[in-house]
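What follows is a pair of complexes built around chain A, which joins chain B in one and chain C in the other.
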Partner chain A sequence: MPSKEYDAVVIGAGLVGAAIAYGLVRIGLRVAVLDEGDSVHRPSHGNFGLVWVQGKGVGRPEYARWTLESSERWFDLNASLVEDCGVDPGYRRPGGITPALSEDELCALKTMLERVRSESAAADFEFEILDDARIRTLLPACGPEVVGGAWTAYDGHVDPLRLLRALHASLDLHGARVRSQTKVRAIVPLPGGGFEIAVASGPSASSEDLAGYDPPKGSSLDGGETNKRLQAQRVVIAAGHGSKALGSMVGIEVPVSPEHGQILVTERTASILEYPTLSVRQSDEGSILLGGSKEDRGFDISAPVRTSAEIAARSLRIFPQIAKLRIVRSWGALRVMTPDGFPIYAASDEYAGAFAVACHSGVTLAANHVWQTSRWIERGTIPPEMACFSPRRFESPSSDVSKIA
Partner chain B sequence: MFRRLPDFPAGPSLTIDFEGEALPARAGESVAAALLAAKVAVFRATPVHAAPRAPWCMIGECHECLLEIDGEPNRRSCMVQVRNGMKVRRRQGP
Partner chain C sequence: MSEDPLASSPVELAVIGAGPAGMAAAIEARAHGIETLVLDEQGAPGGQVYRNIERICAHESGADAGPADLLGKDYRRGMALVDAFRGCGARYLPGASIWDLALKCPFDGQGADARGGRSPALREDLVEIGIVHRRRARLLQAKTVIVATGSLERPVPVPGATLPGVMGLGAVQSMLKASGMVPDVPVVIAGSGPLVYLATKQLLMAGVSVRALLLTTPSDRLRRVFSSLPDAFSRPKDLYKGLRWRQEIVRKGVPVLRGVSDLAIEGEGRVEAVRFEHRSCHRRLPAYLALLHEGVIANAHLTLAASLAHRWDRRQHALRPLTDDWNQTQRDGRERAVWVAGDCAGIAGASAAVHSARIAALSAAHHLGRIDRRRRNALARPAFKALAFERRFRRFLERIFEPADEVLRPRDLRTMVCRCEEVSVADIERAIEQGCSGPNQLKAFLRCGMGPCQGRMCAGIVSAIFEDHARRTSQGKDRSDPSPPDEDPGHFRIRPPIRPLRLGQLANLETGDVERKGSLDEPKIEAIRGEDSLNEDNSGGEPR
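This part shows the complex of A and B:
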């Protein structure tokens, strides 16, 4: 194969694309990272920051194992980013707790974790069902309604914005600066292998809808936009909600849709929560984040007060003393959801070297994307044990569609 | 460190109470501006690491300037206009 300008072009510099690109530059590939910019919906800028294992992968043991593995590799990722660029995402893994507000909830937690343990055939999968006394020794802030909970050793959290910043800074230091305001408009497979990627860059590139408009090569549009073409041996589509359109250019189906999540942040306060839960956690700076909502609202990213009130009400049942804290921010963001909730790892059958990755837990899986997914891309194939994450599973009507990822 | 601009509109002079001390202020300015002009360098300590903090953005975004104002804790002092006799304190407790 003739050598191209780049070994790989990664489209999307959110958590997924930036992590994969970081893995690729560490292997020594020449990488370009392209990102559309601020006007698009980017959960990497608005997520909850958990590296969460507990309960993931019910009915899909490969996913349970994949998630667990990423949590283990997160220590290396954190250390590697600190060493490269000095920005510390602050990974902490005290284990995570899911508080239960009724005996039914507690039973359901137990059943779920036992199922994950037996399905993944990991006898050493460590979890503990906490009674009402035990949960209060671990989380003294629990209110009277909390009857118990579940604990696993593998859950932790990071500052997700520092993570994104650390990935970008490290990419820069490895010579792969993220090119922002650079929208990919077309991926053209080249005869003989490799790809040509047509980009529009400049302040107007992301805000304007350029669909269907094909300006001449190298032309400059009003608003300072320029059009360029890059050539690469491999292309990785990690464009979040933009991946569907890009995937179709290289014959990969990426059936993702938005799921709205909302987050409230309190003013900073002394440390009162030593363990993260799935919907309430305290950052290393003392802010308490409240979340856990899931709504189908299309591409609307507003943060309605009604949803905030529901989130606050549930959080207060668990930790009543939060009531005295002021909420300083709230926002909505859109999870990148697949039809069954499990991630998509795809290699194009038609065009060797084209890949697509999409998932709703890009913080959790970041370590695997750095240390493993980048290797598949370097080698050009996804290993057979990951075949269950191919989007081909959505093609057959009988495919296993459980909504519990 | 900070001075009022020479063309800052000379409104009526007021007095606010900061930690028991009477400080001069000008009508129309924010509590944060008045304290900075009075050379107050530390507004609060962060609750977890106890790092000293002072106003940074002065437009209500960064929450670095939090103070107790007239008995109400954790108010963004850059967003509150001074009033004569206002009682301002640093954060009490966590």
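This part shows the complex of A and C:
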């Protein structure tokens, strides 16, 4: 096998790409990580910061197990990052609570969690249905509308920006420099194995065109840009919304689309929420984050005030006492959504050594990406039990016919 | 629903700010019969320049030298403008804090904002303004908006600038106008620019003990006077006025040190001394209060929040909205129904603000179909002429008071850039070294600009550091064009709310497009007279 400059090039330095790259450098591979410019969409910068298991994988027990596994290994990941670079993502796992605002909601929660337990055949899947007294013991901030809720043991939270920072710093220390302002123009499979990746770097090398944006005025496309080629034995596409276009260069379909989510963050306050919920949590620095919106808004990353108002109103029904807190910021970000919401782990059939990973749970699944996904990439294959996450699941019979035709 | 004048169909023109530019814009718009609503944070018209002018001038007839005398003839001159504004027939809502400005595009789906601008088929913008008035949050819609939010004091990034006891000189001058309050301890004033002389003179007249005036204008700047003589003498009276202010300061026995550099504030827990370099000597001056001022920059927070295009102004060393000659802004290469007027379009001073506001209002009137192109051009001609004249003197001021390089681009690595998250120059340099590609990524790397002030204090310096880097990198590459045009070096994405807003207020946001609760009383719109108290959320005020 001819030796290449890199054992692996990871395209995308968000939470998914950085976690996989971190796993790869820990097992001794020579890795380059490519990242784009300042103005691209960065779901990793807009993350809510939950490591969340509760309710995930209904109807897809493999996903429930996969998520649970990652939660179990998150302590290792946190410790490993702190040891490597000293930046602490601050993982805490008190368990997560979903408050219910009606008896119907409470019933639905119970049914859902029982289904997850029976489907994943994990008799020890730990959850508790909370009545209105019990939930107030755990979360005294609950308002009068809350009738109960559900608690699972596996949920926790983390500072997503510190996680990203820790991954980048650790990559740096392991000798894998993240190349910023670098846009991949082409991935060319080489005869005899491996890939050549043509990149353009410079302030204007961003993927704005991807979303149908006009490039911002003043950043002419030829301004300050340099072109370069890298060679690698393996290539990992973890470029979020950019993965669709990149995947097609190595014969992997990555059918992802943006789902708009919005987050509000308040000023810091005394600790009042000991447990995270799916839409409200208190950070270790005391700010309260509110989120949970899901909208199709194309590649618009604004934070429309009507959505913010709905988020605030809904959160106040659960925790009325936070009404007096000042909002410090709001932002929108684009989840990387697959058609069924489950992640994509794909290896190219045509070109050995090309992989694509796409998911909306870059924080929750980070531990798996570090400890497991990197191993698959090192070995060159995805294990058979993960076959259900192949994008082949989206192929309909009719499209097969059209391919043949 | 129809009784509420704020929520009635979109207002034709909303003017944000009731300083010289806002007032002049409203007066001009009313002259063309445009339905105009003026929103302002303060409780009375005047802006920063003529802050509290009605109350102060009402006491003028008294025997004592009142604050009006102290503030001078130029200040009193603002009264004519305020009177014209009060009589122009615009609706006026004081005490309204503006926390969002968004272009809302009617063809972009039901109620969807389009900051990202993804619908190319728009024919008409609608602008949405988020306000808090009397503690209640609501959205107003306008067909056209003139933003006249004035200027901010340029943050002065010197070591120790975050200590209690360091204030903006402009903020202290505002306090003097608003409440007649002045510091009762000896102060050291340091900085550059015309306001340094004016405010120092005013503080001396008000009885403040000024221990020293440290002028940080680099000596090479003053040599530029000779190359700018024609511009300087475009307004000989103003030139003379500046020299006289300085004489008065010297006559009062205040030591005036020129060519001061390497300013640093020292103290344990609060200001104890000001350290600096003067004529190659290190000096240290004990002080209780240090008042700093390095000029003002355009207050572009609202236009940034609306994702309008901005440029880095290399003469003013600040970001300002990109406009055409008529002060109309744009986004994605298309003109938008938002105009800027006065200092928020680029610093030009109070008299220029009036002319630029008139130009903006005439353009908006044309946009609304009130006047045809020829009439617009004819009416605007005197304003353009006056503006060109004003700009000559401004050019002179910009040249000789261009802030020192160390102010624009702090040399001392310990200097705190983001106060909220305690990010120093060294931290930012390291992040850039590690490949941080711009201000927005810097947020993720260092939380820089993510504190309660939302980047208000550090945005300019952060952009300047990246601008500096970009320039040095491009120089290294030996580009054919030695002086690239003004570009945007990258700036923080600004997201609402840009002024304080509580969760409870947002949860009860009145959008005007859903059933509103009838039990709450509607905000009172003043016909034109009367006053409104500031709501509690904006009493903090913005230093200039």
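Definition applied: the second predicted complex is superposed on the first by the 380 of 405 C-alpha atoms of A that agree within 3 Å, B and C clash if a C-alpha of one lies under 4 Å from a C-alpha of the other, contacts with A are read in each partner's own complex, and residues count from 1 in each chain.
In the analysis below, contacts are C-beta pairs under 8 Å (C-beta built on N, C-alpha and C of every residue); 3 or more make two chains touch, one makes a residue touch a chain.
Just so you know, these numbers come straight off a predicted model, no measurement behind them.
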item	value
Superposition on chain A - do chain B and chain C clash or fit	clash
Touched partner set for A:Arg165, first chain B, second chain C, both or neither	second
Touched partner set for A:Gly298, first chain B, second chain C, both or neither	second
Chain B versus chain C as contact partner of A:Glu267, first or second or both or neither	both
Contacts of A:Gln181 with chain B and chain C, given as first, second, both or neither	second
Dominant contact partner of chain A by residue count, chain C or chain B	C
Touching partner for A:Asp284 - first (chain B), second (chain C), both, neither	first
Which superposed partner A:Ala309 touches (first chain B, second chain C, both, neither)	second
Touching partner for A:Arg326 - first (chain B), second (chain C), both, neither	both
On chain A, the residue positions that both chain B and chain C contact, one per complex	267, 326, 328
Touching residues (chain side chain C, partner chain A) in the complex	100, 102, 111-118, 128, 130, 139, 307, 309, 311, 322, 332-333, 434-441, 443-445, 447, 450-452, 454, 470, 473-474, 477, 485, 487-488, 490, 493, 495-497, 500-504, 506-509, 511
Of chain B, residues touching chain A in the complex	46-49, 63, 66, 74, 94
Chain C-touching residues of chain A, taken from the complex the two chains share	35-39, 42, 44-45, 161, 164-165, 168, 172, 177-181, 203, 211-214, 216-219, 224, 264, 266-267, 290, 297-306, 308-309, 312-313, 315-316, 322-332
Interfacial residue positions of chain A with respect to chain B in the complex	267-271, 284-286, 326, 328
